[in-house]
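Listed below are the structures to be examined.
First chain A sits with chain B, and in the next complex the same chain sits with chain C.
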Partner chain A sequence: MKIGIAGSLESNDCLVTIKESETLSIKVQSIVDAFYHDQIVAFIESVLADVNHDKVDVTVIDKGALNYTIKARLLTALHRMEVSHA
Partner chain B sequence: MIKQALLEKEKQRIEVFLSNFDLGLSYRDETYFIEEENQIIATISLDGHIIKGLAIDESYRGLNLTGELVSEAIRVMTSKGLYSYHVFTKSIYTDIFQSLGFRLLADTGKVAFMEGGIDTIDSVVNGIKKRIEVHFGIELSKHDIGCVVVNCNPMTLGHYQLIEKASKEHEFLIVFVVETDESVFTFKERFSLVYLGLKEFHNILVLPSTSYIVSKSTFPSYFLKELDEREREHAKLDALIFMNYFIPLLNIKKRHVGGETDLVMVAYNQILKDTLKDHLQAIERFTEAGVTISASLVRKLMKEQKYDEALRYVPKAIRPLLKGIMMEKK
Partner chain C sequence: MKNNLGREIFEQVKPFASSDAFNQESRRLIAKKTTEESVVFLKSIEEAFDLLKIKNGMTISFHHHLRNGDKVINLVAETLKKRGIKDITIAASSLFPNNAPLVDLIKDQTITGIVTNYINGPIAKAIGEGYLKNPLIMDTHGGRARAIESGDLKIDIAFIATPAVDRLGNGSGKFGPSACGTIGYVIPDLMYAKKVVLMTDYMTEHIVEPELASEYVDYVVMIDKIGDSEGIVSGTTKVTRDPVGRKIARDTVRVLDALHLIKDGFSMQTGAGGVSLAVVEYVKNIMIQSEIKARFASGGITGQYVDMLENNLVDTLYDVQCFDLKAARSYRENRRHIAISASEYGNPFEIKPIVNDLDFVILGATEVDLDFNVNVTTDSLGQIIGGSGGHSDTAHGAKVTMIVTNLLKARLPIIKEKVTCVTTPGEDIDIIVTERGIAINPLRTDLIDTLSKTKLPIVTIEDLMKTAHHIAGVPNHYELSHQPIGYVRYRDGSIIDTLYKIK
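So, the complex of A and B:
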């Protein structure tokens, strides 16, 4: 099973876990869920579409990260998943 | 900055700090801490995939030090290839952990057990369910399922008879062998012996207990000599998880336990009884020619190098294998 993790649970950051999967699934838990949950999910979808990844399980625990941060964490986690040997 | 406690001096200071929170350190714990002006203000400990001993000085609350420490803990575990984590914490901290993405599995009102990362208890138990259904070619919900949880350190005629009796009361019986390696015999040895010893029964399936039944995560004190108040709470967590997840998902009618003489086990069985109620059935311990057969008796004889006498108390089918293992441990 291939897994990649990036980020942290510190303020203004997010912890992204990506796992290889048969289908696309995105789970987001954020401190700003009430306002931005759907926007964060949509943003993650767009980043994954940009790099043509649609067979992954993505879990994001967000501590108020900006989009740039979420994107950077996502791409790093994807990269780590691809090079992982687990 | 987060530092790892490596020096004996640091560990002693951390123990003093933790004692303010009614927490302790065990020798296996890997502890990380944050200092401010030479004072320890926050700590967290890891034991394999288990997070525990989180403590933050009152005057430093609200700075998300928890987030920092838990992030570090996850980094350390990830680097070891661990992607699923368990948390032991006081019930009052469950909110904090929930905000960090952990899921609450059991709460006694004093201590709580939580999980995070990729595996979830539902997926693990459903995986077991599938394995049972495929093995027996059945649909679980339509059958009468019994269950036994054993450490079998090592397997004896006592275990054999308990399991045989339980297997007659159900259509199918699942035997979980405790996976945590804290015993004289390793998990692999114990599991192989049980598997071999029960091979003749076609309605029994032997499975690893997972990290959710009597494991270091759910019940660290199982492997101790006696239970204090804190450990009773741990035992309750273990019983609650079995009650809330395994019984409904696997359609288990009854969990059978043997009569116990050991103080820890008597206390544990009582807690199980209080939690599982009708789902628990105690079976008298078997005696042979006035001798109560127990794994501790076998271990004692083994220690005294009375191997042939020790083997008399174990099922025939496993004698050659057990003899080999005992010779290796000599």
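So, the complex of A and C:
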């Protein structure tokens, strides 16, 4: 199975893990879930739609990252998944 | 029932009206204690418990000058538990993570009440989860002195961790293996508790000018170790290296400069947070360049202020608690480093508390709202993470009160429509400095006049909130539970806000 990981668990960052999957699945666990959970999930969906990836399993552990950080980590993890040889 | 800030509060309490409402009241004082007999020296806490006849329902007090290194609170609590005593109220000036053993005693109702000025760690979490039977009361440092002297907080026994005791029963924080420096927060306990026990691990022949006079002392108990003096070092006493923090500090000093607050004979107080420490560094540089000398600095004193004292940049330090060992050393050695009590520091009913003489104070915030109310008591989910300490006292006393904070902390906007909990009322907050702009309280037209003529990035607080929302998105509304677990008592004894059980 192909897998890509990017990011960290530092404050203001997030750790993104992406695996190939039959269907789209997004799991977000954030320190700001009470305030931003739905917005983070919707943002991830929009980034994946932009790059036409809908068959991935995305897990994000978020430590308060802003959207541009989440997007950067997501795209890097996707790239790493595509080039992985697992 | 709602108070003047529109905050829902318990029935049958005195609602907060305004920060200067205390001027309409007169000072209430209960009789100071005096001991009829000479001080009795004991070898164990068990002996003390026997003689004190500690029983269910009593209020026992402590100070927090040994901070996260204190061993006395836990020792007394353990003895309470061993003796099966129940329903005790703990009146500690602060509680720290090392007091975690108290959690089990809260759960089994050995401890059913807590009155404190600052609390973080496992006890705060347990209280947030609803385990404390009676409502938690959060005071300010000056407000606690007022509560004790007025009899609002009646103390049956004060167990005072005392770094050194002499053969007459006088006590001091200056000497001994656990020397912590000034012990200003425990002076009201010393003078007004029904019984006073000095807990010490160091005896000396004679203490000159003791902070704790033997005339108030009933017992002295020798134990192995009252604490670890390394533990008195506050967790946040490093100058920030974060570029955002340094920008905030630089802009803060530009504001101080524009308001001509850094001039010969000025007075200041800053917290021990990283940005505050950077502010002091920049202020110090201006003082050296322009040959300015300050009249005094006050508060919790850090080594940074000791350097200024020793380099003749400040005339006097008024010190209610030493934040590090360098400050403790300076207090022991330097006559210009003066101990003050919690009451002399911030009690609104003192004739001239030190806070009233401050030209400016630099403080932090967990949240600030559009009315400039500040929260330093809970996080945005309502979990208790601190408390006023001297926040409300200095904010009211100082001529200019500045809050320094990042606009966002881990995505969360610090500026909110309404704060989760009001610690300090907005009427006492003058200027908010963030990396994205500086907001001035509309009540301070004088400051707006002066600062709008400068090139400083002055914006409205609404603008700051919009900027934060633009960067992070508008946060969903989070509804706190409706189960009260305690309240925040303003320095004059009125109730400024309610604390709720976390979900």
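Following the convention adopted for this analysis, the second predicted complex is superposed on the first by the 86 of 86 C-alpha atoms of A that agree within 3 Å, B and C clash if a C-alpha of one lies under 4 Å from a C-alpha of the other, contacts with A are read in each partner's own complex, and residues count from 1 in each chain.
Following the convention adopted for this analysis, a contact is a pair of C-beta atoms (placed from the backbone, for glycine too) under 8 Å apart; a residue touches a chain by one contact, two chains touch by 3 or more.
The shown structure was predicted, so the numbers you read here are calculated from the model rather than taken from an experiment.
Asks: Since both structures carry chain A, what do chain B and chain C do when superposed there: clash or fit?
Replies: fit
Asks: Looking at the overlay, does A:Ser11 come into contact with chain B only (first), chain C only (second), both, or neither?
Replies: both
Asks: Once the structures are superposed on A, label A:Lys63 by its partner contacts, choosing first (chain B), second (chain C), both or neither.
Replies: It touches chain B and chain C both.
Asks: Which partner does A:Gln39 contact after superposing on A: first (chain B), second (chain C), both, neither?
Replies: second
Asks: Of the partners chain B and chain C, which touch A:Ile3 in the superposed model: first, second, both, neither?
Replies: Touch status of A:Ile3: first partner only.
Asks: Is A:Ile31 touching the first partner chain B, the second partner chain C, both, or neither of them?
Replies: both
Asks: Minimum C-alpha distance between chain B and chain C after superposition, to be given in whole Å.
Replies: It comes out at 6 Å between the closest C-alpha atoms.
Asks: Common interface residues of chain A with chain B and chain C?
Replies: Common to the two interfaces on chain A: residues 11, 31, 63.
Asks: Would you mind writing out the residues of chain A in touch with chain B in their complex?
Replies: 3, 5, 8-11, 15, 17, 19, 29, 31, 57, 59, 61, 63, 86
Asks: List the residues on chain B that touch chain A in their complex, please.
Replies: 64, 67-68, 70-71, 74-75, 78, 81, 83, 99-101, 117-118
Asks: Considering only the defined contacts, which chain A positions touch chain C in the complex?
Replies: 11-12, 31-32, 34-39, 63-67
Asks: State the interface residues of chain C toward chain A in the complex, per the touch definition above.
Replies: 380-381, 408-412, 471-473, 475-476, 478
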